[in-house]
Structure formats: structure tokens, C-alpha cells
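There are structures below to look over.
In what comes next, chain A is part of two complexes: it sits with chain B in the first one and with chain C in the second one.
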Partner chain A sequence: MIGRTGSRTALAAGWALHAAAVTAALLPASASAHGLVGRSDLPLPDWLFAWGSSIILIVSFVGLTLGWRTVRLEDYDWRAVGAGISAALTGRPARVLAGTIGVLLLALVVWTGIDGVDVPDRNFSVTFVFVTFWLGFVVLSVLFGDVFRAFNPWRAIAHVVAAGFSALVGRRQTAPLRYPERLGRWPAVAGLVGFIFLELVWGQTGFAAAGLTPRTLAVATVAYSLYTFAAMALFGIERWIDRGEAFSQYFGMFASLAAFEVRDGRLGRRPLLAGATTWALPAGSLALVLTAIGATTFDGAQEGVLKEPISSLFQSFSDAGLSPVTALRLTNSLFLAGTLLAVAAIFWGGIYGMRIVDGRRSASELARKFAHAFIPIALAYLVAHYFSLVVYQEQAQFTYLLSDPFGDGSDLFGTAGSGIDYGLVGATAIWYVQFGAIVVGHVIALALGHDRALALWKDSRTAAYSQIWMLVTMVFFSVLGLYLLSQANG
Partner chain B sequence: MQSNGTRILALLVTLAVIVGLFFAFKGGDDDGDATTVSTDTTATTTTTAADDGTAADKPKPEAKASREGKASVPVIAIVGGQPKAGVAELDFDKGDEIRFAVDSDTADEIHVHGYDVEKPVEAGSPAVFGFPADLEGVFEVELHGTATQIAELTVNP
Partner chain C sequence: MAPLLAHAGHWLPYVIPAVVVLVAVIVATIRERRRNESQGGGSS
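Right after this comes the complex of A and B.
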């Protein structure tokens, strides 16, 4: 035990030297005071980890044996809400307003990114993209459904351009290419991996993520916009939104849990969670949900359980003559890829286990049938890992980053002098939110898996047996989630 | 179904108890370690960097000032813009007085994130910090000039 801590010291010292070199290389000397990096959560206490794991196991069993015996969520009812409310929320004025807001915010991200001070925590763009947008829309999607569709700036711009072009040539344009259905959601998966790479690998400075400079972010945003417009022009705007556009697909995945759904322009209600049952039909859906889980796992692990393996591989690459920045990026890339593969392997382990119960169904069919049940686990991971970041960093977003978006000393709304109150939420409250998120996410995942098993195997006995495997997989993910939290800053 | 259910129940409850006990004990072990380490005083923070490579059995430089009383103030030595003994770990409980000093061979500015405490340090005259631990979490302490992390400040609830 003592030997272990001793070697950790040596590693930490070496790590600090290199991390410092990397940080110095990436950040200008004026890197300042506020938020984004600099604070992290205390590790979840062992007693809370023990309670969480035990509750997860017991709840899993109770769910398996005492759970409902008839299918509840499949073939759900959708009921339109009142025409007035629907028109107000999804009608043309609302859509134009939301689209305009989306486009203005996209423009602001690019503008501040290029023109503002090139310091991550002082520039509007970085906090907006990685916290307000990336995490905020997950929350909105789970609560209210697919709201990103309305705010999607690329969709709004494309529709305006398409309408203008049609008016100019006098007829409606159709997409020149048919979207290959076999591709399914895979382009969105690629986009998601790209975003995660930018956030967790490219922008990594050694202590925490989001060391990405506003300039790089602006360039990446413009590049992604051009790519999106090109794809929309080729395959059609809505087709690309429904399959290939990474953010629509990522937020849409969480929106499938919500109780609201728009059908044919009409807002309606559906049972909570029911929307997820049809979500995983297109190819690549499984990869999307597993990537979401893997990304958060990697982000949590790199400051905890993977800290030492990362630092020793980094050391090897450095000794081999790579520059600190290259060595760190290469190391993190390998560990990110490894984490994604490990998450996939765990999932497939559960699927192959299920085949013992029913060998007539292929593994790929079972994987497709149960992929949606892991959305709540992806959500639980996000809430547990990023709750405090959102609570603290959003204070920055709505105070000094709003009044001084370029970081040039302006004070548009008189809030440039305000900072983040780190006393707003205490460590104990954060622990309970993390614990609650993982346990609740686990229960919802079980419910979705249980319901699907009843739909697949008419007799509840086979369904229950098949669920032992799914349950083991889910227990593994949930306990892993708690474990990563308990090892944070280890 | 019923007997299977009972068997699964037995299995899972056993697992739950084992997992619970394992971590309850594991937690106890960790606490024991922490106490042992904390008896090592602030001197460890100022040990030379050369020690770290060879002395694998040396305890981690940890500055448990809160449990040492106010007499011992951990000193973080900075040589050439780098923390000599690696990133120092400062551990306090909420309500304590956070006390530490930074001794640097070059002039710089020390910044404690979250608390937003800033203090200049001159070569040869240590900057001494003293402020109440009223925010919980793990905070970075860095040199402002190069954004080099020199300490990790932990404030437990």
C-alpha cells in the first residue's frame, strides 16, 4: 500500500511536469481565474458506493421477479394535445423564432470563437458549446422531447436557403441522392466520436477537459456546418436530420424517453419512456448509445482509475521522443478507443448470454432489440458526471460570459463582474444527485429491458431467464458508474 | 418459477452483502492509511525531487495541516516554475482555516481556483495563505504565469 502511494508520487511529479508543459503550450500566459477548469468533485464516499451497489442489486432482483407480466410500453398511444397549445408551441411563428435563436447562437459561437480572447474560460463559445448546448439540450430533450429539431441552426438555414433557391428556379428541388438506408445512424456515430475527440482528447490539457481554444472550436464549428450543409444538399434536409446529423441524433436519443412527441406537425403526449421502444430500429443506433456511455466513462475514468495507466503510457511515448502534446493526444486517443471497445464488449457479453436462453434469435437481432434499454444508463452517467459542472458553469454562462462574451472587458448586461458561487451546491448534495442518478437510471433501464423481454418471449418464464443476462450487464454498468465516481481524483 | 426466484434472491442478496461488506472494510482501510500518512508532517512536501524517483516506499507528500494543528504550515517549494515534490495535496475539512505557504525561486502569482484567492510570491520570501475553508470540492492551485498546477486543495464536507 505504501509502495503504491510512493510510486504514485513519482508518477504524479512526472505527470505534473509534462502536463505543465502541455498546458503552457496550449494556453496563453493570461489564462485566468474563472471556471471551466479548476474545480472537480470529491470522490463518492465508500459507504455511499456500498449502499448504491447493494440497492442496485436488490432492486434488480425485485424488478425481475415482481415486475409486470404484460407488455406495457410497446405500441403506445399517442394523444394530441389541444390545438391551441400545439399551434403555439409548434406552429410557424414558434418554429421561426426557435430557428432564429439557433442561428444567432451558432453565429455568436463562431464570432466569439474567432474574434474573442483565445482563452477557454473567458470566451463565450467554449462554455456555450460544451456545457450549455451539449449538456443543456440533453436535459431539455429528456423533459420536453425533441426540442433541438426546432432550434437546430443548420436545419433552419438549410430550409431558408432551399426555399429561396426553389423560388429562384421556380420549382421545388429534390435531393439528388437517396440516403443509403444501410448506413442508418452511422454518420451520426462518426460525428459524435469526432465531437468527443475534440472535447476529451484534442482539448485535453492534463487536468480537465475543455482546454480547447476558442479559435479551434470556431474552426471546428464552421467545418461541421459546411459538412452538414453538403450532406443536406445531397440527401435532403430532413433525411439527414433523421439519420446522419450527429447532434439531432444524440439529443433525439434522449428525447425518445420524454412524454412529448410531434406527429405531422401536431404536438401530442405519449407514455413516459415508450418512445424509446421504437428508437433503436435504424442501423447504428446501438453504436450511438454505447458511444454515449463510453465517452462519459472515459471522461470519468481519466481523472480517476485510468489516471495512472494514462500517465505511464504518456511517459513511454514521451521517452520515445514524441512532443508532450502529441504524446498526450495519442495516449488519450488510445484510451478513448479502448474504453469504447470495452463498453461494447460488455454489452455484447450480455447479448451472447441471452442467446443461451433462446438460441433461435441471432445476436445482432437481440442487440437491436435491447439497445434502447441502455439510453437511461447513458443519461444517468451524464447526470452523475456533469451535474456539478452544469450548476457551476451555467452561472458563468449567464453572468460574465453573457455580459462579456468576447472576454475583452465589455459589460453588456452589468453582470461581467459576477463570478461563480461554488458554495451554491455542497459536496454532499452532489453525492446524492450522483447516487440518485445512477440508481434511478438503472431502474428505468431495467424497466425498458423487462418490457421488451415480455414482448419478445410470450411466456414470462423465458423472459425472466433472458433478463438475468441483461440484468447482469446493466448491474455492471451501474456499479461501474458508481465506482468511477468513488475513484474520481483518486 | 417460485423456487428459481428464491434461488436468485438468495444469490443476489448474498452478492449484495459481500459487495457491501467488501467496500465497508475497504473504506475502513483507506481511512487507516490516511491517518498513517497524516502523521507524516509537512516536511514531506519539501523533500527533494530526486527522492521521488528512487524512494518507492516513501509516503505520498500529503499536507494534513488541518489535523496537525495550526503550528505546522505546509510549504510548497517551487523550483524553476515547477513544484519540486510534484503536485502537493492539501486536505482540509469545511470550517477549517486553510493554511499553506509557497516558496518559489522566481517571482510569480499564486492562484487558488474556486476560492479565487490570488497572492504574489517573490523569490526568497514565501507567500503565506490563510483563508476559511467554506467551499467543498477539489480545487486547483496554480502559478498564474504558466498555469502550472502546484497543489490540489481538497475541502471535505
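Right after this comes the complex of A and C.
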């Protein structure tokens, strides 16, 4: 266990490293915060793990082809749980409680961001938004379903305001505009890209004095809140939540894998993964899942394989006369865009391969049909890349950042003097968790694709031949994921 | 390009399984397509 000062130094460096590799070399403690840890005691060279994952995927593909011969996940059954349990978890008191918690946390983020010390590692807001909220709700969604809907602070506030306004004018208000269905999830994709930009490009530190401060985060939070309220007022609260609100759609994507689903206010169970089969129907769903994969890929690549190219381009921009901050943000914007395009290229490579097998279906139709199979890859990348970050930073979140949220020396819960125990999970254990997440995520992705292929082609031979292209895509993504981790860890 | 080649020792072992699977799948796809065409059941 390191002391509070030491842990805070490490946490600060964790944020710097979260965005810039140069800082990593200077602040090794932060490396631990982001899972950038050596693995000198591994029994095998790390590239052999990539071979191992490829072999596991090939064996899984053969196993699925031979043993999974009927459609199992499409048109799934939903069964309501007991009325008492459902009422306790989704009834009005539970919804009011969850909404209140969400609103209070939103208020705390803005308040600490504006009034607290403007230092990321000593302020509650930055760790809360980028670790506890951003990663924590993914875990909760996969385990319990769409829980963010209940905690969504913008939804809670909007419903209270709408109810108050309706009571005032004496009639229920309807949305003045109809949401254009062709927009689908594209506004959510734009919101997601904006959040990623804030975290990975705007929040860069290292080459220059750029950086995401708590104050900037608070301003961004207020701006996003105003944008969300305006959209809800125009298109309706639930309509915007169901299509355009970025975090609802992002967490909802992972929730589609869960075994729990609320229908008409009643909690029920469904087969694990089955919810994903209907998730990708709205336009923009494919872009959402590929953006999620691309963001994690870029974050990982920034710390390893792209470190030198980023440094080189940054230098070129600086030499051309741009200020260091502008040069850094422009460099990272270009590399982020390039990474998103590269991820999309791998996906479309698999889709066009499938089209060789069955040219009657268009590439865009196949892309829509198989987009949901990539949700487990987005999850696998998240778990693999951020596991150690969560393990370490949550110790800070629930000890000194909770006790001293403004960073002004207060000690509300008596834990302000605590620190981060970097020995909690060893480097080797972290690597095995990363490897396991990558392998399991890609095997599940294969299973989702296989089930969809059976539903689409009926003929199991054509289905199998179409899915060998899914296998190629999965091998590419798994190898890429492990390579990025090995470079970031190295 | 030079940095890429300089680090080939790092990335080449990772690329090998992906390339092997890709080549195998391309061969399998071509064979399946020829089989379909010879049976008059070409799908495209």
C-alpha cells in the first residue's frame, strides 16, 4: 500500500498516461494504474498467446459448426419474474430512488468540477466520469440489463419537469417534432465520438500542456445536459433515450447481452445473449459498435504501437508552426479517425468475404445482420484494456476521492488518507484476465454470428462457409487486441 | 516504413496466425464457389 500522496501522484500520472505515452516513461506508477505493467514471469512469449487464441477460435468454430445446428437465439422467449421482485426492482419507489441517485451524482460531478481543485487526480469528477460511470455501467449492464435507464439523470430530471409543466397547464404535453427514424442511432454515435474525443484527444497530456481538467469536464457535462434536455423537449423524453442519447445507447448495447429485460414495466428473463439479436435494427447501430471497438483500440494503441508515429507527426506539425497543444490535438484526432477507419475496414473485409459465399445479399444487409455479433468484442476490448485501471482507480474512487471529493483536505468518511494498493492484482494475473477476456469475447461473437447465419441461410453448409469469414474477422480482432496489450504492457 | 520494419520482430509473430487463417479461408471459399458453380447452383 502506498501513501495518499504517493497514490495521488500515481493517479495523476494515470490520467496523463491514459492519453499520452511519453508521460508513461516519466511516471511509472501511473503505468500500473492503466495496466501497463511488465510480465517478465510469463511462462511463454506473449505472441504465443495470440497463436493460442487463434487456435481456440478455430476449434470453437468447428465445434459450433458441428454441435450448434439449429437457431437458438432468434425470436427468444421472455418470461416475467415474480411480481413482487419485479415491483421491488422496477416499481415507482425504485425508479424514484435510482433517478434521485443519478441526479445527485450528476450534480456532484458538476459541483466538484467547478468548485473543487482543478487537478484531475484530486477531484472526484474526473475519475468518476471516466472510470466509475463509463466503465462501471458497462459491467452493470452486462450483468443486470439496462440499469442505466433507471439511473439516467437527464431522463429523471426531464420526467419531473414534464410532469410539473403538465400539471401547470392542465394537460399532458406531447413532443412537437417526430423523431426521424432514418437518423436511428446516429445522434448517439455523434455523442459517443464527442465523449471519446474529450477523453482521448482533448484530455491529452504529455507532449504539451494540454489536459482535461475537472473544470473543463464540468463545462462539458453542463453542455451535454443542455443539449440532451433540448433534444428531449423536441422529440420526446423516451424517444430520445431510445435513439439519440449517447450513454443510454452505449450502455444499452451492452445490456442487450444480459439475461434480464424490462417489458412494459415488468422485469423478465430471456436467454443470455438473445437480446443482441434485435439490437442492431435501427440505423447507426453498426457505427455505434464499431466506434466502441475503435475507441478502445485507439486508447490501447496510443500507449504502445502508435506511440512513435504519433510522436513523429506531432513533431512535424510543431515544426510547421502549430502550437504544441494544437499539434497534439490535431495529431491525435487524425490517429483516432484512422483507427476508427481501420476497425471498420476489418469488419467490412469480413462482410465482403461473406458476400463471396452468397452474392444475393448486399454487403449493407449482411453488415446490419451481423453487427450485433461485434458487441462481445467491444466488451472484450473494454475488459482487457481497462481491467487494471478499474481495479486500481476504484480504490481511489471509494476511499480518498469519496472522502475528499473537492480535494480541499476534507475527510467526510475517514478514508481521505487511504491509498491505492497496486499489489492487489499482480501483473501476470492481469495478463491472464486480458487474454481470457479477449478469447471469451471473440468465441461469444462467433456464436452470435453462427446463430444468425443459421437463421439467415437455413442451409447449414452455406451458413458455415459464410462464417469462416467471421472467423477471419475474429482472429484479426483477437490478434490485434493481444498485440496492442502486449505493446502497451511492454 | 522503416520503424515498421525495425519492429518486425514484435509484430510478425502476431500476424502469422491471422494470415494463415485468412489464406485457408480464401482457399476454402474459392473451392466452395467452384463446387457451387459446377453444380449449377452458383449463388451470385
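Operating definition for what follows: the second predicted complex is superposed on the first by the 421 of 490 C-alpha atoms of A that agree within 3 Å, B and C clash if a C-alpha of one lies under 4 Å from a C-alpha of the other, contacts with A are read in each partner's own complex, and residues count from 1 in each chain.
As a convention for this text, a residue touches a chain if its C-beta (ideal position, glycine included) is under 8 Å from a C-beta of that chain, and two chains touch if they have at least 3 such contacts.
Worth saying up front: this structure is predicted, and the values here are computed from it rather than measured.
*Asks:* Now for A:G419: first (chain B), second (chain C), both, or neither, which partner does it touch?
*Replies:* First partner only, chain B.
*Asks:* Between chain C and chain B, which one touches more residues of chain A when both complexes sit on the common chain A?
*Replies:* B
*Asks:* Just checking: does A:L64 make contact with chain B only, chain C only, both, or neither of them? Give me first, second, both or neither.
*Replies:* first
*Asks:* Have a look at where A:A162 lands relative to chain B and chain C in the superposition and call it first, second, both or neither.
*Replies:* In the superposed model, A:A162 contacts neither chain B nor chain C.
*Asks:* Touching A:F476, do we find chain B (first), chain C (second), both, or neither?
*Replies:* Touch partner of A:F476: chain C, not chain B.
*Asks:* Thinking of the overlay built on chain A, is A:I356 touched by chain B (first), by chain C (second), by both, or by neither?
*Replies:* After superposition on chain A, A:I356 lies in contact with chain C alone.
*Asks:* Counting only touches as set out at the top, which of chain B and chain C does A:A50 meet: first, second, both, neither?
*Replies:* both
*Asks:* For A:E308, is the partner it touches chain B (first), chain C (second), both, or none of the two (neither)?
*Replies:* Second partner only, chain C.
*Asks:* Under the stated touch criterion, which partner chain does A:I468 make contact with: chain B (first), chain C (second), both, or neither?
*Replies:* Touch partners of A:I468: chain B and chain C.
*Asks:* Return first, second, both or neither, reflecting whether A:T428 touches chain B, chain C, both chains, or no partner chain.
*Replies:* Only chain B; A:T428 stays clear of chain C.
*Asks:* Following superposition on chain A, which residues of chain A contact chain B and also contact chain C?
*Replies:* In chain A, positions 45, 47, 50-51, 54, 58, 468, 479 sit in both the chain B and chain C interfaces.
*Asks:* Which bits of chain C are touching chain A when the two form their complex?
*Replies:* For chain C paired with chain A, touching residues are 3, 10-11, 13-18, 20-22, 25, 28-29, 32-33, 43-44.
*Asks:* Which residues of chain A touch chain C in their complex?
*Replies:* My answer: residues 45, 47-48, 50-51, 54-55, 58, 305, 308-309, 353, 356-360, 462, 465, 468-469, 471-472, 475-476, 479, 482-483, 486-487.
*Asks:* Note which residues of chain A are touching chain B in the complex, please.
*Replies:* Counting only chain A, the residues touching chain B are 1-3, 5-10, 12-13, 15-17, 19-20, 23-24, 27, 29, 31, 33, 37-42, 45-47, 49-51, 53-54, 57-58, 60-61, 64-65, 206-207, 388, 419-420, 422-423, 426-428, 461, 464, 468, 479, 489.
*Asks:* Provide the residue numbers of chain B that touch chain A in the complex, in ascending order.
*Replies:* Checking each residue of chain B against chain A gives 1, 4-5, 8-9, 12-13, 15-17, 19-20, 22-24, 26-27, 30, 33, 37, 49, 52-53, 55-61, 81-83, 85-87, 111, 113-116, 118, 134-140, 142, 144-149, 152, 154-157.
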